[in-house]
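Each of the next two complexes has subunit A plus one other chain: subunit B in the first, subunit C in the second.
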Partner chain A sequence: MKSDWTAETFAVLRKEAITELRGRYGLYATLLFSVMAVTAIGLASASTEPSPALAAGMFWVALLFAAVTGLARTFLLEEEQGTGDLLRLWAKPGPVFWGKLIYNFVLILVVSVILVPLFVLFVGVSVANWGLLVVALLAGCAALSSGISVCGALAARARGRSVLTGVLSIPVLFSVVLLGVGAVSVAFGALVAGGWPSVAGLAGISLVFLAAGPYLFAGVWKQ
Partner chain B sequence: MIWRGLLFLAATGTCIAYVLAPAAQGFAVGESARIIFFHVPPAMLCTLFFLWAAVMGIRYLLTRNTSFDHRCLAAVEIGFLLCFLATVTGMIFARQQWGAYWQWDARQTSILIQLLIYAAYFALRFAFVSAERAAANSAAYATFAFLTVPFLIWILPRLPQIQKFSLHGGANEAVIGGGLDASYRMVLYPTLIVILFVAAWAYRLRVREAELTHTLEEMDALASSGGDTADSRVVRPVRIHDAD
Partner chain C sequence: MIEAKGLGKRFGPRWVFRRVEFRLACGSALVVTGPNGSGKSTLLKIAAGLEAPSEGSVESAITDYRSDIGYSALDLNLYPTLTGREHLQLAARMRGADARADELLLRAGLTDAGDKLTGAYSTGMRARLRLALAIQTSPRLLILDEPGASMDEEGKSLVESIVQEQRAHGALLLATNDAAERRFAEYEIRLDG
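Up next, the complex of A and B:
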């Protein structure tokens, strides 16, 4: 039974990866969005050197909007292409949720790994604490991917689903962004305490989202 | 009927006590501190209603009983109204005390985020054609949204980098931990109870209204489908006469 569950999860993950490789739309659009966000931020702050706290804020705003743009697609596309009903017949809700969540986590982690050097190069920030930055990004990406996966699933069969996903997920993820800014500002060299407590908060919110997400998803997926 | 009279008397007493409470010390405008009687209770009670909405949302997802959906919706509506009242009274007090309506203080930020989260609940609810799907998805969202509330209320305002810029200071700890002056405690706690009862009454009325509307819609659907008598639905065999 457990192996069935794992096999189904990896089958969903594989399906997402193959769909991505065939189209290359999601990763390409999300990455391009991130580059454009950094360009816009760099242009806006060209005459000044942003403080670590401001740079961390801009970093998380870019990451949040890249996530909202890119991650919800995994659920929205199923309904737009009419493949959602087939997936409902074929797989149990748990593996569908985890398969798509893992795919989303990898996608946003790739985006965040690309965003960091872009920020260093174009915005002029320097990383003072790499360990804190890496752990904050791992925990933050887990929270972003789980939050957007749940909100994307809730909005997938609604009218105006693309806009609605942003409307649902952005306020829910504000607490993630605030905690992330707290951690990343310290990693960028802000001389304040609270870097690791913010990471603990991020890890806590990720665990809460990951624990509740599959049950809530199961409650709406097969309806 | 008696309890409504008692509630009216208690509400009247609260209003009189509001006027009679002395001006607070240690504030820029001591008279304006009285607004906490109508600011703190809604801020505390909105969280209680959002918790109740999450509980009702879980019960709806487990049972699919529409009664729990009506309770979830009513709790979000009353909680949202209380949250809005806490925000507005807080803004008025901030203008008097800190010189501007909005300062991005940790508590102001967290209550604004709560308002946005539950405003999104209504956007989701109105985005479905099917009533069952609207009920299930909004119940799941009410539950999911509440998961962020403990982080917004207890964790974020206590982070060192956010606490540094907090204008509320130890105000919340003073209210909860009994650090208020006795004359203020004597007004604040009864006001909290009165507002709780008024909100619970409004919640009960809203649930009854939603259940009556649901029953009427079901009766209307039944009437438009031709009633539930057997002869309109049963197809009987008919004899077809051969043409001569």
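Up next, the complex of A and C:
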């Protein structure tokens, strides 16, 4: 029996899903934060209908903090619970990186899919362009998961890893939020140009991290 | 099979050890001894490729460290929310090896506990599972860090049988201060810290 890249990546992805479903460390925290954020926003804006731009900003605040809560953990937790050496003994860095990144992408995509109907229901947002919203969410989730995963992966073996991940993530998150708000506000009906160019920007950020991430991760994997 | 040249490791300004040299061929065994904090475990981690030395190098004929090196140590934590069987299956998928889960669980005396989460294992049971994982691929180099610690008599017999088996087809690198385990090896390095 010979291992291959796909089987190894799927094994890491499966391990992440099983340990998360059984441990429920990050899943509950991420979902709880998202739902509470939407509830708070809905209560605060109960008497007024927020503008599309403001609604898009609030949507990204909820998504962003859910992402920060959950995504970096997949890499940090291995070192915190002392299981990083198991993976280093068994796996090549590439499949570990991709397996965890795909898990992160699915996690944040699920959160965003839950957030949209909650926003429509509680905040009173109407979606003007569903096609743009769906593509913007896919690109935004890809940019968020790849960016935060790379930062978490780079910081995982450092002392003060949580703080370092946060610091490394700031410029990434700033760009993602800026473009994400632009795209989602147009999808929510803002009469401004820039919806699809923002999506292209998010896709570009994702590509940069997806291209550089495996090499950066391999560099710190056994340091 | 594996040769260490001028190995040294320091944490901050403090050198844990320096100028460590050894050569280990197939069929031979080397034991590393020394007081607590002398760097025994660190030396084994460097040999396993888990840590980089501060100076010197490790050269080996090993091409795939995932299947050619077996490693077991007390500080090698397991996933508490995976079962023993799932650990063996996960390791096998990543290494491209046959899981041999039933066989290895039986060998380690964990048949009844194979489908329990390792978070519920005792210290000795976790040590047995680490040994099973270490020998899963019949590695060319087996690295054991205090293998008998926390083991009962049955567990110590398991360690002894694994060591004898390993000597027949590969090399063994062992860290221990246990007098019985020191007899497993014909060569010894003492680290004095």
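Keep this in mind: the second predicted complex is superposed on the first by the 218 of 223 C-alpha atoms of A that agree within 3 Å, B and C clash if a C-alpha of one lies under 4 Å from a C-alpha of the other, contacts with A are read in each partner's own complex, and residues count from 1 in each chain.
The rule is short, and it goes like this: a contact is a pair of C-beta atoms (placed from the backbone, for glycine too) under 8 Å apart; a residue touches a chain by one contact, two chains touch by 3 or more.
In this text, all values refer to a predicted model and were calculated from it rather than measured experimentally.
Look at A:194: by the touch rule set out above, it reaches subunit B but stays clear of subunit C. In the superposition on chain A, contact of A:155 is made with subunit B only, not with subunit C. Contacts of A:185 after superposition: subunit B is touched, whereas subunit C is not reached. When both complexes are overlaid on chain A, the residue A:208 reaches subunit B alone and has no touch with subunit C. Of the two partner chains placed around the shared chain by superposition, subunit C is the only one that A:86 touches, whereas subunit B remains out of contact. Once chain A of one complex is fitted onto chain A of the other, the partner contacts of A:167 are limited to subunit B, with no touch recorded for subunit C. When subunit A is checked against subunit B and against subunit C, the one touching more of its residues turns out to be B.
Across the two superposed structures, the residue set of subunit A contacted by subunit B and also by subunit C is 223. Those residues of subunit C lying in contact with subunit A across their complex are 45, 48-52, 65-66, 69, 71, 75-82, 86, 90-98, 117.
Taken together, the subunit A residues at the contact with subunit C in this complex read 1-4, 7-8, 10-12, 14-15, 18-19, 22-23, 81-83, 85-92, 95, 222-223. Residues of subunit A that touch subunit B in their complex: 53, 150-151, 154-155, 157-161, 164, 167-168, 170-172, 174-175, 178-179, 182, 185-186, 190, 192-194, 197-198, 201, 204-205, 208-209, 212-213, 216-217, 219-220, 223. Listing the residues of subunit B that touch subunit A in their complex gives 61, 109, 113, 116-117, 119-120, 123-124, 127-129, 132-133, 136-137, 139-141, 143-145, 147-148, 151-152, 155-156, 159-162, 164.
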